[in-house]
Amino acid sequence: MNAQKSTFPLNAWYAAAYDVEVGRTLLARTICKQKVVMFRRTDGQVAVLEDACWHRLLPLSMGTLNSDEVTCGYHGLVYNAQGRCTHMPSQETLNPSACVRAFPAVEKHRFVWIWPGDPAKADPALVPDMHWNDDADWAGDGKLITVKCDYRLVVDNLMDLTHETFVHGSSIGQRAVAEAPFVATHGDRTATVTRWMENIDAPPFWAGQIEHARGYKGKVDRWQIIKFEAPCTVNIDVGVAEAGSGAPPKDGQSGDRSKGVNGFVLNTVTPETDGSCHYFWAFARNYCLGEQRLTHQLREGVAGIFREDEHVLEAQQIAIEEHPDHQFYNLNIDAGSLWARRLIDRLIALEKPPAPVIAIRRAA
Amino acid sequence: MNAQKSTFPLNAWYAAAYDVEVGRTLLARTICKQKVVMFRRTDGQVAVLEDACWHRLLPLSMGTLNSDEVTCGYHGLVYNAQGRCTHMPSQETLNPSACVRAFPAVEKHRFVWIWPGDPAKADPALVPDMHWNDDADWAGDGKLITVKCDYRLVVDNLMDLTHETFVHGSSIGQRAVAEAPFVATHGDRTATVTRWMENIDAPPFWAGQIEHARGYKGKVDRWQIIKFEAPCTVNIDVGVAEAGSGAPPKDGQSGDRSKGVNGFVLNTVTPETDGSCHYFWAFARNYCLGEQRLTHQLREGVAGIFREDEHVLEAQQIAIEEHPDHQFYNLNIDAGSLWARRLIDRLIALEKPPAPVIAIRRAA
Amino acid sequence: MNAQKSTFPLNAWYAAAYDVEVGRTLLARTICKQKVVMFRRTDGQVAVLEDACWHRLLPLSMGTLNSDEVTCGYHGLVYNAQGRCTHMPSQETLNPSACVRAFPAVEKHRFVWIWPGDPAKADPALVPDMHWNDDADWAGDGKLITVKCDYRLVVDNLMDLTHETFVHGSSIGQRAVAEAPFVATHGDRTATVTRWMENIDAPPFWAGQIEHARGYKGKVDRWQIIKFEAPCTVNIDVGVAEAGSGAPPKDGQSGDRSKGVNGFVLNTVTPETDGSCHYFWAFARNYCLGEQRLTHQLREGVAGIFREDEHVLEAQQIAIEEHPDHQFYNLNIDAGSLWARRLIDRLIALEKPPAPVIAIRRAA
């Protein structure tokens, strides 16, 4: 009935772990429906293998890591970091087919990224820009949460911050967000939603930040500039500045944010299965860089806000599964997420084999 | 293979909640496989809406109630008590299709009843008679339990009280019930099973009641008059009177129950899914009306008895699911439940579109 | 798509319980996908019935045992030990079809065995030989564990003890096991794998045993003689003797094991469902027969070793279910399990109705 369509492209870099998670042990995780085992080689590079022994499928993550090789925990087959079997018990000759798949992996912007598709296309230059996550001009920290929903629901959520008003009313939400106009634009692989709310009262979260960092109390100009990069990265430039101090861009020029506080909410959301995802996020700021207490407080504060989203997203996933044929209508506020969805769909379509051409010849 | 047939009619009133459960909050419940949200309007009337926002399907029960309107907890769409969307974020024009289904609801005999079928047919006069539940001549109380079985298994259970002997041996069961003859009759929408057990020892439960209320110890005439009203209501007239005091009907006339104690076990069983149901029950009595302690004791005593049934019903449901093609044989004791099943099947059949007439014409 | 093939033959004796488990109560268990209830009759014989009442399918194990008869816990139907209904409530005439299936059962070698297939073929002489389990020359004890895997994975595990090196490295595993050559032979219904490791250091477990029993420390000759009997019994003759004392067989004659310690690991693995099994095992020894402390210690020690297997087997089952079309390759070490699998498959094939002969006639 419902022919299962792919929900994500394979030819893309997906965050698989925070850098610190991968060390000299065997870390198991499911990325894009593929079970993998990750470990750090003795030279510090990350290796990523299919997590199933070639012989009897036992997860290699249940085995042991010795130097740069993994020994299966059942019958002792040994695999090197490229996935090739280098030892079998009780026999000298190794079956030439004996190997497990190895995945291209790079470490960048504090994440380990893996490429589940065609290795020949795995160009490290395609890793999404999340440099705020390890840039000396910014300070911050983040977390990984595994959410029981299609990763695209998280993208939808981030592309329309109207929901802040209703989901996060006690921290960052305010009527102004739901009422302010916004502009949605898009490129080949990116979509951007920009919303400026000028001369408003700051919501509790931002009122606290600008007072702490700049000693300022009063009206602010607030911005949210959401930038999506297909298939699953959303970096959000957020902040407030003294009202009227020139923060909004003018005549195509960036504004002056020097009287403000600026943060980036960095999000990259990796499909685990069709109905669950690994949601990596971090919050980086450009003020009070040395305050470890503030870093800790912001990380836990944002974590609390994201738990509110998690609750909504998981309920939405259940409702969608219960209404498999539901036809969704879109509102104005969905402009950003619609573009994100289109860009994702385009990447998926590119990976499909072309439909066969059927020649019909008529007998003359 | 096993084409899923409907297990319940839609054009019927189903108890959805006890009256006291519905107030100025959002109550979520699944009735006849339909998720609904219930609340009491400011005028005291009960409103029942489909529990899924038109926009992105989030359960409305996760939102907030303001005056007579519900605000979705994700993007803030607002719905009135008729299910029509009255506000959307960031846009002036409302999509005319923007509404959720509203269900006819009435409050009667201490229950909130909803009609999941054609609203044009929702005649409040069709609510089953359960007046003992709020009649000044009767006192009592009840509970709601959600049982993991097809609601018809509960109906079967109530239509044949033989099971009291084997399931409830320590309270209301006794050999006499399994051995006494009974009479089963039926009408268009009702089926009745009548069993009189004359000049017997009362089982522990009834021995206690008649001694407490009438100071009587000794042989009794016991009755069980079970009345089913399709699709899922079973009211049982039960009691004992001094043996020989004239309680049994005679020559078509009702007997004299003045030397007895009388109760009504009121049951209405609403399908939740095909394999689970909301079982609303109450026990009302016509003696010692002012004794709150007795009301409490009877409610908890009956609750204990019903837990014994719950255990059996859930095991039976599992066994039936494991034997999908099982052909059931019927015993004499099944006469009442057979009639109940036929009346339910008739209501279900009435809702099916007539089979298409296929005209076959032969070329002349 | 994936036509479900049977994973076990029905015409075989399967261990259903330890003898001590079956008494004057109703014991429910699923054997070869069949729910059964077991009890001991007043004459001490074991009766095994289908665990579902003929009338409404309630498990009979929820009823009561009276003398040699079971009363259903719902409506009181009574069944004798042959499964025939002998009483129905409120009626004199019993439906002649009213019975539940009774299974042939025998008690032997401390297990209750049942035959789920054709009763006419249930010859008690076919019960596998596990006499060490109740032989005065041997002492020991065992356990039942229910493992969430296909029973054949346990057979595979036992037929190749190479895994001891990797799974049980702290007790019985050692490099020598993975490296020593072995011989695999087979008969019509049995397969045998024999491995001798001469003049080696004993692994911790066996070093402790031979020192305790014989006061010997030093090099040993170690043996593992694994004997499979289709479909699911594996008895393993294991032990060590003083190196060079003549334990290995020579010129077709058995060796002299008098300077050694000998044990039998007795295993019989009954399918519960396609993905779970009841694994009955015991460890019997021919030394220090009277030491109850040693019996206790060995039973718990072996139980700890088997928990390591359980962890591997359940992970393997999950992996196999996730790779339904996986094509397995075999190594030298798989010789024994390959024969076991072939003998099982042969028994299953014997039970299939012969494929229809399709006569194709050509028009002359």
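We call the chains A, B and C, going by the order they appear; numbering starts again at 1 in every chain.
Quick note on the criterion: contacts are C-beta pairs under 8 Å (C-beta built on N, C-alpha and C of every residue); 3 or more make two chains touch, one makes a residue touch a chain.
Model, not experiment: these values are computed from the prediction.
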{"item": "Interface residue overlap between copies chain A and chain B, same or different (over half shared)", "value": "different"}
{"item": "Rigid-body rotation angle, chain C and chain A, from Cα fit (steps of 5°)", "value": "120"}
{"item": "Centre distance in Å when chain A and chain B are each reduced to the mean of their C-alpha atoms", "value": "49"}
{"item": "Junction residues of chain B, two or more chains touched", "value": "none"}
{"item": "Chain B - residues contacting chain C, complex", "value": "156, 160, 162-163, 165-167, 178-182, 311-312, 315-316, 319-320, 322-323, 326, 328-329, 331-333"}
{"item": "Interfacial residue positions of chain B with respect to chain A in the complex", "value": "35, 52, 54-59, 62-63, 71-76, 88-91, 95, 97-98"}
